[in-house]
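Below you'll find the structures, each written out as structure tokens.
Presented sequentially are two complexes of chain A, the first with chain B as partner and the second with chain C.
This part shows the complex of A and B:
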């Protein structure tokens, strides 16, 4: 167990900066998820921590020692690869014990750990098979076992679930969360899947274009994104961003035919806005409520009636689409709202959940 | 599939095989059978043959020159096969690393394999020439490692080493090519996983590279054994005094006191060794 510190970390390929000087402090025992779209540098960052990529500037410290110039095999880390990287000529058992054999632990300890990991990951029946005889999900579990059997300072995961089908991915996600709860070691986990990021991380680090856009607890990132990138990347379906303009004369934010009184928004100060400033109003689909079922409507912002254009049923939920001006907007309503396309729709939103962004630079306005 | 379709398919299969089968029968099977037949006769130059039973084989078993030739062949096989495999592996590992002009170097390494035997043989003979060769010049005059010039190729005992080195030099590129092709297909993340599991470059070579190369190394070794057991022209052209089995057979069949029945018997012995190697290749290597 150990903490990991990245200080002003830079990675360049042919003069182009892929990682642009990031700082990150992962606490001992913390589960940190790096999330972002492909090409954002999250995997490169992880591989730099592992020692599989050179560092062009900055430092990486694991357990208080700088590891910049240490080869991967000297860093005492364990890693689960996206494509599992199992040794095809070794049995499951030998794959799992390969790292321990090097660290010269006693036979008894080895057997003990193997048994522990095999039970935890339900690998008991597979120990004598070769990777070629395993299904994708089984291989994934072996790859996890190979990492978890080690007494490593830090465990690294490079999109470990991305090759599994949806059901298995969900199952393994829960498994990983459970394993971390039991082991309480330092986990750094890379994914492009925002659901994995939200559900697994003690802390989520959202990356884009080689920089950290925001880090915080999953709920913090979900409720208080610092810019439109984070706002739309985290959460599914994406946050609605409705183009708007601030009108100082009557203190209204104007969206096409809708007006949102500034006095409703406790989190936004008029001092931070200019007359005629171009804005986005951000509302998550989940925060729209059907006026028929909302309880405390007093303080809510009630939208004038809209016409439903499309309904996508999801079982318990349904996604209801309508327009504000030219902007297509989605609301997620539950079973109770029995609606059809073409119906009139009465919606309300808790104003605390309405976010305002500057349309020019995408930054949140408070 | 119905039985009729299966029967039709297999008839088509036989028809497609027939031409190749015919050629093999005419050019390979017939000579082999005829050779086996000859090995039981005392063959005269005018074509007359007398049946002698197994006496050619008995003569062979008591012939010192045959055992000497067998020994030469074993040294030649061991030296060339180990040499080409090790050198091919080393060069393949080296040229699998990234460096400028890598593709050019990879191309140049193949040259010995593509060069015509006869032209490079003359070059090698010149290198070891006792009077004008650079080998003697360097060893005697420059480095002083030898006190006097030697006719390296002229002496069978030293000539075999020249023949082995020549064969390694000429044929390692095929080992290099096969091994390099396999090296390039080993997934990079296996090396990364082994590095993270705590293994240094040497450990990764032992635990990732070698097991992955097992099949191709087996192929290289067995194919080289099969080819070199039959190799005639390289040895004969460079140093005709190195009597490996094919050359021994040639001398007995076509030079000096000609004894084609005896030569045929030696050829049968060689065939038995060859069949053993081919059996190994089909049973083991092709199964991996």
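This part shows the complex of A and C:
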């Protein structure tokens, strides 16, 4: 168990900065998820913590000790690789015990830990098999076992579920959450899947282009994204961004034929807006409500009726698409709303859930 | 993927392959045939001996104890009254002496030890050189890599004289130990480029994450090489060892220069060459010796083939 601190961390390949001076403090026992699109530098950051990549500037501290120049094998970390990286010539048992053999723990402890991990990950039957004889999910569990059997200060996960099919991924996600609950050690987890980030992390760090865009609890990031990148990256389906203009004369935000009165938005101050400022209005599909089923509509912003262009049923939910001006907008409604394409649609939104962004720099306007 | 091929194509392919095989294998058939033929049969153009004769093999392997029969011509010559009794005895003695007979076992042992040493040293050095080229990033890596290949491009004939002069210059060629060391060095240097190339390419196929996993598991890079890379590369290491062994086993050029004066330390290719110009220059014996020289290589190849074919890294990483 240990805390991890990144201070002004920089990574360069040739002349290009891949990591542009990031600061991150992972508390002891915390589950932190680094999430971002591919190429954002999240895996590189993790590999720098592991010692698999050199650091060009800044420091990494594990348990209060600067580890910049420490080889990976001296950092007391455990890691699960995206491609599993199992030793093909060793049995499952030897794969799992490989690290413990090096750290010279006693036979009894080794057997004990092996048993514990094998039970936790349901590997008992597989201990004498070689990796080539395992299915993808089994290999993934062995890779997890190999990390979890160690008494490491920090556990690193590099997209461990990205090679699994959807069902197994869901199952393993729950497993990982449970394991962290039991072990309460420091987990740093990298993924490009925002669902994993949301469900697993105590704290989510959204990265883009070598920088941290935002960090906070999953709900904080979901409800209060600081810019359009975070707003659209987190959440599925992605947040609707509707081009709009502020009209100071009547205190309205104008979206094509719609007008949203500023007085409805408690979170946005008119002082922060200029007349004719180009904006985006951000509304998550989840926050649209069918006027027929919404309760307290008093304070809600009610949209003039729209025409449904497309319906994508998802079972309990359905995604309903319509237009505001030229912008295609999605709303997620539940199965009570029995609708067909071409029908008229009455929607309302809780104004607290309506976000406003500057269209030029993408930053949130409060 | 099964590709449907026309009959004409198949026939053509079969003929082409047969022609190629015939072309490459015919000399070996000729060697085998001649080695089994009796003296009287040498002129016979047929590949099948009229009488199968294992005498040459027995003799080379020291299995024969029977008296060497004097050839007819020698007997007639001996009847010449001009030859004194002493001379006659000397001639007979010379013909019956076993001392001068081709010491095949000794040459085989020489060659084997030299080839084995070359194979072991070359493979060991190549492992680390190839690893550094495949995995490590350091100043001068590409220069090193190119220089190694350059050595391979320079023919042995060009280097033979300067190398011998160098060996003489530093006093290595003056005694047998030094000579063997020089020869071993030359063989190692000759085999290293290809060995490094082969191993380097193989190492590059082993996913980096396997070593990274070992390093995370608490093993240093060197330990990771020994616990992960080397066990996984066993098929290729055997192939490389086999390659070095065969190169050294068949090497004639340098051996002929360096070992010329040390008869007891001749290697097989050199000994075979000497066989042509000795009183043992009998076709069946030369061919039998050639056949026996080929044999260890054939056996080694058959054994190695089993390991060479099998790949070791399946299943470790998700592709």
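Basically, the second predicted complex is superposed on the first by the 366 of 366 C-alpha atoms of A that agree within 3 Å, B and C clash if a C-alpha of one lies under 4 Å from a C-alpha of the other, contacts with A are read in each partner's own complex, and residues count from 1 in each chain.
The rule is short, and it goes like this: a contact is a pair of C-beta atoms (placed from the backbone, for glycine too) under 8 Å apart; a residue touches a chain by one contact, two chains touch by 3 or more.
The shown structure was predicted, so the numbers you read here are calculated from the model rather than taken from an experiment.
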item: Fit-or-clash call for chain B and chain C when the two complexes are aligned on chain A; value: clash
item: Which of chain B and chain C A:131 touches, first, second, both or neither; value: second
item: Chain C versus chain B, contacts on chain A by residue; value: C
item: First (chain B), second (chain C), both or neither touched by A:146; value: both
item: First, second, both or neither for A:72, with chain B first and chain C second; value: both
item: Partner chain in contact with A:11 - chain B first, chain C second, else both or neither; value: neither
item: Touching partner for A:163 - first (chain B), second (chain C), both, neither; value: second
item: Chain B/chain C common contact set on chain A; value: 50-52, 71-73, 77-79, 81, 83, 85-89, 98-99, 102-103, 146, 150
item: Touch list for chain A against partner chain B, complex; value: 50-52, 71-73, 75, 77-79, 81, 83, 85-90, 98-99, 102-103, 146, 150
item: Of chain B, residues touching chain A in the complex; value: 187, 189-190, 192-200, 203, 207-208, 211-212, 214
item: Residues of chain A defined as touching chain C within the complex; value: 50-52, 71-73, 76-79, 81-89, 98-99, 102-103, 130-134, 136, 139, 146, 150, 163
item: Chain C to chain A touching residues, read off their complex; value: 207, 209-210, 212-221, 223, 227-228, 231-232, 312-319
